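In what follows, chain A forms one complex with chain B and a second complex with chain C.
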Partner chain A sequence: MWTIFRKELSDHFTSTRFLITFALILMVAAVTTYTAATNLRQALEGVAKPSHVFLLLFTTSGQLFSLAQFNAFFGPLIGIILGFDAINRERNDNTLSKLISQPIFRDAVINGKFLAGVTTIALMLSSMVLLITGLGLLSVGVVPGGDEAGRLAVYLFVSIAYVSFWMGLAILFSILFRSLATSALAAVALWIFFSFFIGFAASLVAGAIAPVDNPRDPRQVVANRNAEDAASLASPVVLYSQATSTILDPFRRTRQNLTMVGPMERFSMERFRNPLPLDQSILVVVPYLTLMIGLTVVCFGLSYVIFMRQEVRST
Partner chain B sequence: MAAVIETQGLTRRYGRFTAVDVLTFQVQEGDVFGFLGPNGAGKTTTLLMLLGLTEPTSGSARVLGFDPVRQPLEIKRQVGYLPENVGFYDELTARENLDYVARLNQLPAGVADRNIATALGQVGLTEVGNKRVGQFSRGMRQRLGLAELLIKDPKLIFLDEPTLGLDPDGINKILDLILSLSRDRGITVVLSSHLLDQVQRTCSRIGIMMKGRMVATGTIGELARRKSGPDEAGETLEQIYMRYFQEA
Partner chain C sequence: MKTSRWIAPLALAVLSLRLTAIAAEGDAKEDRPPRGLTAAFQYPGVTVEPEDTISVDLLVRNRGRSDETVLLTVAEQPDAWDVQLKKFSAVVSGVFVAAGQEQTLSLSAKPKAPEPGRQAQKLPAGAYRFAVNARTADGVLSQSSSVTVTVREKVRGKERVTLETAYPELRGPSDDKFVFSLEVRNDTDQDAVFNFKATAPPGWETSFKPAYEQKQIVSLQINANSNKTVELQVTPPYNAKAGEYEFRAEAGSPKGKAEKDLKVVITGTYAIKAGTPSGLLSLVTEKGQKASVSIVVQNTGSAPQSEINFQAFKPENWEVKFEPEKIKGLEPGAFKQVEMTLTPAAQALVGDYSVNAQVQGEKASRDVEFRITIKAATTWGWVGVGIIVVVIAGLAVAFKALGRR
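Right, the complex of A and B next:
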């Protein structure tokens, strides 16, 4: 399995598409950090005692979007690019039947590919976060404290799980579909649906489960909102953005939006604007993380079972 | 002489379609066994079952004394399989492709280098060893496929249509290579094909498969005598084959 792992890894790192996406992402990251840093300086002027300045690099939107948002949108693309042709390219090139007629277990192929993909993702995202940290140090001049570094580490971990999920999905499609184009398009279609249309879908579902007959009745409105939130959690994109915004913004102590919070609670939030300690933030995030890793495992498990049962013919 | 391959009532069904139907045959050590039959007769399915890549619906097989269902790794360590359309990683060089296979076979680095050099020499690709496989012609790819089998120093090789789509010169090179492997290294060869004159030239024993069944096995002389009487021992394989084909 480690032989396959090593080959896949070197394939990833030498492939043109990897270099192009990586360059693109680093470039966007650098630009976003730069604009965020510029805005940061203006925003912080006159604030007496700013805290967690460093994390603002990731959450402040520069011109268009913050870095965290960018990752939520384009992370899936990295995963899809790494995984969409994992199995069906070998099948189309007739290398699969040769590969499994070597003295290896069949699951070594898929395990090796999956691990190589996750390693690539981990290296890619870590280098990106480190690069931004460096840029941030240079442009803002704030050194991240232990708490902030811990938050960044958790953020990195969640991001790796998130992108790995998309890669797992893409590998699953590459097993199901013989054609490279079909598997790529299917993965991209799901990505677009979960990123852009999940909001409509969730409100439709919420309207069906908990209809609001009387907009003045708070119970109905709340039930409707609850249903909508629950439905939109079906999207890994939503899961990821909620989890990361909690971890990157220590002042957020609930994952619910403000309409859900009662007036007294809101008052106390305004009154005591103290950051949540890291372990408490993590506590809020753990269910999300579990769900995301669970989704990844489901994708991998399905790929594994289908691949092991699939007939291997050279023609 | 021991039986290298032995099957007992080997059967494989896909839904209602029976690809291989109660197949029982043997291949002896040192044979060049010609595996004949029309397209879709079940030759490839049989080879895949012998390698443990497809599970038989019923029946059993022994390859080099191992059971393909239970001990596929032992078989795959000593058996080379050249599929019908052999594929390579086009962006890698010939040597890198072979090196990958050597590592998948867990050959020690020194042994692997030596075997790769020998194998490339044997198939006549030493000069182009560092070229990308994407630039290779069909004949070169086919010979590289043979080299890939040789680096693991196999006892038995399965060749599925090794001469398909080659020019006459390429065909001759491949067939000479196969013969020399059998003669000099004592490798048992199972050669599936439907190009009968080639089979006649290279194979010591023949098995004819029709619709999933083995209808005849033996040397060409034996087959001719059995089918057409003692006077017809000089018949070509093509004439014999057509008689079986019309019967089936």
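Right, the complex of A and C next:
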């Protein structure tokens, strides 16, 4: 298995595809950080005692979007690019049967490919986060505290799991479909749907489940909004962005986007505006994190089972 | 024998009497008898104070046409008194009086010193009779005269110092300052510096101030027959109990002294203190989970609290209960515990909430603010871990079943 792993890793790192993707991502990351750092000054103006300034580097949207949003939308693309041709290229090039004829177990092939992909993703994302951290230290001059570093670590872990999920999905498609274009298109279609059209789908579902008859009734509005949020959680993109926004924003106290708060409760909450400790933030989003990691593992397990059951023929 | 009595207090009158005598000399010359003598005290009775010295003028007059030498002897005097007849500062036993002239002598008397070398300071009170016998050298003419000297303490009458106030009794809570306005009258004939003194129960602070001024004074100059207003300010100790307190203000000068009894009635203050036994004002709980904390209520006022109620300023649909619901009858200084139980709403968000417990007593209330930290339930965390473990176990089963082909 480790030979496959090492071979795949070297393939990834030497491929032009990887270089182009990585260069693109680095550029976007640098630009995002720069604009975020510029906007950070404006955002912090008038705040008496800013806390968790460093995390704002990741969540403040500059000209276009914040880094967290960028990862949520375009992270899947990295996964898809890394995985969409994992198996079917070997098949088409007739290298798979040659591979299997070597003294290598069949599961070593898929495990090695998946592991190599995950390692690549981990390297890319870690270097990106570290790069932004360095840029942030330079431009903002704020040193992240222990809590912030912990949040960044959790964020990195969840991001790796998220991109790995998309890679796993792409590998699954590459097992299912013989054609490179089909598997790539299938993965990209799913990505586009979950990223851009899930909002419409979710509002349709919410309209069916919890219709708003009277837009002035806060109960109905909140119920509708919660139904919409719940429906949109079907998308891993939404799942990921919800989970990470709670991890990266210590002032987010709930998973819900809209909650009913009475005037007294509001006063009571705003009396102490303390950030949540990291463990509380994690506990708040633990269902999402579970789902995220579970999806990744299930996706890989599915690819594994299907691959192991497929016949390998040299056509 | 003529017994006309003349008594003169001191030499003040001497000059004027001599002038009249000289005036009478010319016109009365022809009808004067050949010899005539008058010797008399200027006044028959005189009253002196113990501090004074006795000196009475004695008039000796030659009414005749021939000069006379008059010998004088003290005929009557109290025991243990020294009596002397003087002309200016010389002690004399007689006097030469030319025809138609008169001489004024003085009789001075003082008690004998109780022991030699010491002067008696004061005259003993009483009435004393002094008699002087005057006779011519040949003994033809003689006359005696007497004076009664009464030594008596001076009756002062209106001459005194008084201290008056319009409001001798003041009421108020123990955190007040009490100001008595005192009028000091100096009805003596002398300007004097008055010293002020106040006696107060222990722990009370007293100070004297001139009216409408902030200086603290110890003494004050008051002119004769005038008055001034001073303020006596008394400050109770912080823990003064309700009740009556007696004060005495004194004003004293060398000439006299006056005092005034004053009273302050403390009605008591209303204050309560509330907190937790440990001083910790934060609670950690989960949503929907009860949490409780003890609140200690202490009556820090000086008046008893008859009833103390509790109220909570809390988010809607939270539940806050106090056990017991109210405290009845809390004496000053005493404290009692109340258990506050609060149940956050099931929809409460993770993070910090503020709950304010209002302790409402009689004319006093106190807020105790608690920070309630809602923690996320860890059960969901374990459920999540469980799900992941199950998924990985499924993967392991797949590895086992399908692997190594």
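Operating definition for what follows: the second predicted complex is superposed on the first by the 286 of 315 C-alpha atoms of A that agree within 3 Å, B and C clash if a C-alpha of one lies under 4 Å from a C-alpha of the other, contacts with A are read in each partner's own complex, and residues count from 1 in each chain.
To be clear about the criterion, contacts are C-beta pairs under 8 Å (C-beta built on N, C-alpha and C of every residue); 3 or more make two chains touch, one makes a residue touch a chain.
In this text the structure is predicted, and so the values were computed from the model without any measurement.
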Item to check | First, second, both or neither for A:T95, with chain B first and chain C second | outcome: first
Next on the checklist: On the A-aligned overlay, A:G146 touches which partner chain: chain B = first, chain C = second, or both, or neither?
Outcome noted: neither
Next on the checklist: For A:R309, using the defined touch cut-off, is the partner it touches chain B, chain C, both, or neither? Pick first, second, both or neither.
Outcome noted: second
Checklist entry - First (chain B), second (chain C), both or neither: which does A:F105 touch? => result both
Next on the checklist: Once chain A of both complexes is superposed, is A:P215 in touch with chain B (first), chain C (second), both, or neither?
Outcome noted: neither
Item to check | Partner with the higher number of touched chain A residues, chain C or chain B | outcome: C
Next on the checklist: Quick one: is A:L289 in contact with chain B, with chain C, with both, or with neither? Answer first, second, both or neither.
Outcome noted: second
Item to check | Intersection of the chain A residues that touch chain B with those that touch chain C | outcome: 105
Checklist entry - Where on chain C does chain A make contact in their complex? => result 313-318, 347, 349-355, 369, 371, 375-378, 380-381, 383-385, 387-388, 391-392, 394-395, 398-399, 402-405
Next on the checklist: Going by the contact rule set out above, which residues of chain B touch chain A in the complex?
Outcome noted: 44, 48, 51, 53-54, 73-74, 76-77, 81, 83-90, 100-101, 103-106, 148, 160
Next on the checklist: Show me the residue ranges of chain A that touch chain B in the complex, using the header's touch definition.
Outcome noted: 3-4, 7, 90, 93-105, 311-315
Checklist entry - So in the complex, which bits of chain A are touching chain C? => result 105-107, 253-254, 259-260, 262-265, 267-269, 271-274, 276, 280, 282-284, 286-287, 289-290, 293-294, 297-298, 300-301, 304-305, 308-309
